[in-house]
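Please see the structure below; I have some questions.
Note that the chains are named A, B, C, D and E in the order they appear, and that numbering of residues resets to 1 at the start of each chain.
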Amino acid sequence: GPEAGPMVLAAASMQEGLEQAADAWAAQGHARPVLSFAATSALARQVEAGAPAGLLVSADEAWMDELAGQGLIVPASRRILARNRLVLVAPAGPAVDLYLTSGVDLAGLLGADGRLAIAEPDSVPAGRYGKAALTALGAWPQVADRLAVADSVRGALALVARGEAPLGLVYATDARTEPRVQVVGTFPAASHPPVRYPMAQLARSTHPDTAAFADFLAAPEGQAILLRLGFARAEGP
Amino acid sequence: MSPAEWAVVALSLKVSLLAIALTLPLAFALAWVLARTRLPGRVLLDALVHLPLVLPPVVTGWLLLLAFGRNGPVGGWLEATFGISVMFRWTGAALAAGIMALPLMVRAIRLSLEAVDRRLEGVARTLGARPWWVFTTITLPLCLPGVLAATVLGLARSLGEFGATITFVSNIPGETRTLPLAIYTALQVPGGEQAVTRLALVSVALSLAALLASEWLTRRQRGRGSDGL
Amino acid sequence: MSPAEWAVVALSLKVSLLAIALTLPLAFALAWVLARTRLPGRVLLDALVHLPLVLPPVVTGWLLLLAFGRNGPVGGWLEATFGISVMFRWTGAALAAGIMALPLMVRAIRLSLEAVDRRLEGVARTLGARPWWVFTTITLPLCLPGVLAATVLGLARSLGEFGATITFVSNIPGETRTLPLAIYTALQVPGGEQAVTRLALVSVALSLAALLASEWLTRRQRGRGSDGL
Amino acid sequence: MAFDVDLAVARGGRQIAVRFETQARVVSLFGPSGAGKTSVLDMVAGLLRPAAGHVRVDGETLFDAAQGIALPPERRGVGYVPQDARLFPHMNVRDNLLYGWRLTAPARRWLALEEALDLLGIGHLPDRRPATLSGGEAQRVALGRALLAGPRVLLLDEPLASLDRARREEIMAMLERIRDDLKIPIIHVSHDRAEVDRLGGLVVEMG
Amino acid sequence: MAFDVDLAVARGGRQIAVRFETQARVVSLFGPSGAGKTSVLDMVAGLLRPAAGHVRVDGETLFDAAQGIALPPERRGVGYVPQDARLFPHMNVRDNLLYGWRLTAPARRWLALEEALDLLGIGHLPDRRPATLSGGEAQRVALGRALLAGPRVLLLDEPLASLDRARREEIMAMLERIRDDLKIPIIHVSHDRAEVDRLGGLVVEMG
C-alpha cells in the first residue's frame, strides 16, 4: 500500500486516543494515518475549502450537520466514535463529592469572588453542553456573570489547575489528564444533550485505507483504547 | 451592530489604549538601552523583548498566568501588597496586549533612535541644555517618526491580540471580551461568518483611523520639506 | 529532544525562511510605494498591509482559506492553471507566516527608507549611476538597518505564527506542524509541559541566533563610527 | 559656444533667474548668500527642475523646457562638487572616490585613483569613513570623486572654502590644467575674488 | 590670562596637540586641513574628551585631566559655531535661534532675536526649515544661535567661509564689537589670513 496512511482531521480533545489508535493500527502492518489536531471549527472550515483529507472526527454534531448539508461527507459513513461525560473539577485537595442536582448552590461554592472556568458557552462544544447542563440544574442564572470563559476545554482546565478558578467545567477525559485537579461531581447525563464525537469519511477522500481505519476505530479494539482514556462507549447506556 | 457589539468595541479601545499608554514608555526605555548603551547583557535583553513575538501567543498567555495569577510570584505580591489583581480583569487584557505589542514597538523606536545624528545633541548641550532637556527637545522629536510608527503598530497589534489574552484573562463579556475574542467566538459556530465580517470591519476601521492620525502627525512634524527633485 | 522534535525544528526553519524570502521583496516594494510615491490610494494600501496585525490570526487564516482553498478564487486558479495547491502544504504554512510578518516588515523598512538622505541619491546620479544602480548602491545599503530589523522581526514573527497557520493549513506532522503548532499539540496531552518548555526554548534559541546575526551585520555595515563623545 | 544657459526657478518665495551665453571655458557665479548660485548648479546638474529655460554645454542640449528635453543627471556628464561634500556615508573614502570612476567608460576617464589621492593630498585616507573626516578632507574627497568620473563639465560649489592657502594653491593649479589641457568647461561658485580672477572667464553676478 | 589651553588627543591615527597661554582676547587657529583645529574647538566645548591637558578661560577651569575636572558642555558657556552649521532640522529658524536664548538667564543675554535677525541679514527666514536654507544662510543662523545663548566665550569654526564679501564685512565688524565692548574672548578657525589679521590676537599655528 501507499507509504503514508489516510489523513485524519480530529478535534484536539481526541488527540491522545487517536494517536494510540493510530499506533495500534500501524502495528497491524498498515501505513500509519496522518493525524491533524485543531479546533473542530477550523477543521470543518478546511473541509469546506476543499482540504484533501480522508476522515473527520468532530467534537460537535452541529459542524458535522453543516458539512453533511453541503454534501462534503459520505452520509453512510457517519457514526458516533465516542462519548464523553461532563464533570465539575476543583483544584486538587481533600476529596469532595458533590451531588450535582437541581438547585445545587454553585455560587456558594465559588465563594465571594471565585469564577467558574468553562469553555466558551456560545461556540465551543464543551461550553455549550456546560451551559445546557447548568441551565437544566437551575444554576445558570447564579453563575452567568461569574464565568471565566476559555477558548477551549484545555484553557478552562488550566485555570483550575493553576488555582485561578476554584471550579471548572470540563470533560471527564480532560479531568483525568491533569493531576492538579480533582473531579468533584459529574453532571447527570440527562442534564445536557449527549456529548458525542461524530466521525465521517469525507466525500473527497481518496485513500484506500480510510474506511478501514474508521472501522478499526469503531471496532472493539479501537473502542478499548478510548475507554481506557475515559471516553464512554459509542453505543450503550 | 448590536449594543453588545458596540460595547465590545468600546472595551477593545479601552484595553488597547491602556496597553499602549503603559507599553510606550517601557518600549522607549528598552529601545534606548538597546540603541545607546553598551550594557553587557544587551543581546539577551533584546532576545527577551522578542519573546512574545517568537512564542505562540498561548504560551505567552500561559507565562503571564504563571507570573500574574493569584498564585504567581508577581500576582501574589500585587494581591498581598495592594490588594489588586489583574486576573479576569480588563487591566489584565491590557497587560497581555501590551506585552504582545512590546517587541514591535521597541524595534520601531530603536530604528529611529539609531538614525538620530548625535552631533545635534552635542550642539544643544553647548547651548546650555542639560541631558534631559536635550532628550526632550532634540532626541525625542527627531525620533518621533519611530514613536508614531511604534504607536500605530502597537495599537494595531493590541486590537488584534487574541491568544495571550484569552489564555491569561479568559473571555468575559464586558471585562475581557475584546474584538478578537468576540470574532473568535463567532467564528467557532457554523454560520457565524456575518458577525465575523461585521466585527472584523470595525477592527479595520479602527486601525485605519489610527493610521490616518499618525500619517497626519508625521506630515505635520516634518513640515514643508525640500522642493528638490 | 526526540528526532521528531528535531524534524519540527527543521520544518519551522524551512517554513520561516521561505516565508521571509518571499515576503522581504514584497515588503520592500510596499514600503517603497508608501514612502516614496504619492499614489492616491496610499493610506488604504497601508491599512490593507496592517490587516494581518489588526485581525485575530484565526481570521487571517480563515480569509487565506477562503482565497487559497480549492474552491477559492486564487486557489482554484492555481490548481486549474499549474495543478498546484498550498492547502495542507508547508508552502501554505510559509504563506500564512509571511502574511502575518508582512506588516512588521513593511514598517521597519519604511522607517529606514524615509530616513535616507535623498540628496545622496542625486549626487550618485550626477556620477553616472542610473536609478536602478543608485537604488542598489546607495538607497538599499543606507536602509539596510531597516531591512535587517525587518528580517529579524519577520523571522521571529514567522517562527511564532500559530493561529493563521492552524486555521489555514491545519496541523499536519512533518508538513505544517511547525514549532508553535507542536507546542499547542503538546499542551493537549497530560504531562506535555516538559515538551512545551523544551520546544519553547528552541524557539527562543532560534530567534536569539537571528538577533545575534543581525546585530553583527549591522555593526559590520556601520563600520568604525565616530570616536566622539 | 561653451555655455548657453538661461534658467529660472522660484525657490523659498524668491525668483531665481540667470542667463549667460559665452565662449569662455570658465564661468564664475558670484553673488550674495541666498542669491541662487547653488540652485543654478543644481539645475545644470539635473537635480532641480527649472521652471523655464535651457542649458547647452559645448553645443549639447542638457535641458530645454520649450523642446521638452531634460536629460537625466546620469547622462549629463557633469562633475558636481556640492557645497556640503555629500559623501556616501556607508562607503569608505576609496569607494566614494571610485563610485563614478567605475561607471565611466575607460576611454572617458582622464584621472586615476592614485593621481587623485596624490593631487588632493588624501593618500592617507582611503580606508576611512566619511564621518571621521575633517571639513577640508571631506571637501577634497568630494572633488576627487567628481573628477574621477571623467566629467565633461565641472560644477564646483565653493570647493576650496575650507582649505588652507597652500592646498588651495595646488588645487587651483590643477583646475587650471583641467581647463587648459583637457578643455573641460567649468561653472564655479566662489566668494573669493582672487580665486575668481585667477580662473579668468566670465563672471556672472547674481542677486 | 584670557586663555590657558593645553590639550592633546589622538584621532584617526594622528596625534593632535595644542598649547597656548595668552592675554589676547582672540586666538586664531591656523593650519592645514586635518591639522586638528575642529578637534580643539570640540575639546574646549566639551564635545570631545581630551587625552590630557587643561582648558582655562578667564581663570575658570573648564577641564583639567590632572584634577579630574570636566565641566559638561552645558556649563561651559561656550557659543560654538560648528564648521557645518548643524542646525536642528525639526525646528524652524526662529526656534533654532532661540534654543539657547531660552535656556539663558535674562541677565546673561546680550543680544535679542530682532537684533540678531537684523545683524545677520536673516530677517526673512524665521519661519523656514533648515533644509530649505542656502549654505550661507545656514551658517548665519548657526552664528546667531550661538550668539543668542549669551556665551562667555565664542568658538567659531570658519564661520564666514560661505559668505560674500559684503556680508562678511558686516559680521567681522560685529565680532569686533563683541570682542571689544562685551569683552568676550574668541577662539576662531579661519584659512583667510586677512580675517585673522583683522581680528588681531594670537595666531596659533597647527599641524
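By definition in this document, a contact is a pair of C-beta atoms (placed from the backbone, for glycine too) under 8 Å apart; a residue touches a chain by one contact, two chains touch by 3 or more.
As the structure is a computational prediction, the values presented were derived from the model and not from experiment.
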Reaching chain E from chain B through chains that touch each other, fewest steps: 1
Chain located farthest away, centre of chain E as origin (C-alpha): A
Leading chain pair when contacts are tallied as C-beta pairs: B-C
Most distant chain from chain B, judged by the mean position of its C-alpha atoms: D
Intercentroid distance (Cα basis), chain C paired with chain A, Å: 35
Averaged-CA centre spacing for the pair chain E and chain D, given as whole angstrom: 30
Cα-centroid distance, chain A relative to chain E, in whole angstrom: 79
Chain D residues counted as touching two or more neighbouring chains: 46-47, 132
Where chain C touches two or more other chains at once, by residue number: 58, 62, 119, 122, 184, 187, 226-229
Residues of chain D that touch chain C when the two form their complex: 45-47, 72-74, 76-80, 82, 86, 88-90, 92, 99-100, 103-104, 129, 131-132, 145-146, 149
Touching residues (chain side chain A, partner chain C) in the complex: 7, 9, 12-13, 15-16, 34-38, 42-43, 45-46, 48-53, 154, 176-179
Of all residues in chain A, those that touch chain B in their complex: 39, 41, 44, 62-63, 65-66, 115, 117, 120, 122-124, 147-151, 155, 158-159, 162-164
Sites on chain D touched by chain E in the complex: 12, 30-34, 37-38, 83-84, 128, 132, 134-137, 139-140, 157-158, 161-168, 191, 193
Chain B-facing residues of chain C, complex: 43-44, 46-47, 50-51, 53-59, 62, 103-104, 107-108, 110-112, 114-115, 118-119, 122, 145-146, 149, 152-153, 156-157, 159-160, 162-163, 179-181, 183-184, 187, 196, 200, 203-204, 206-208, 211-212, 215, 226, 228-229
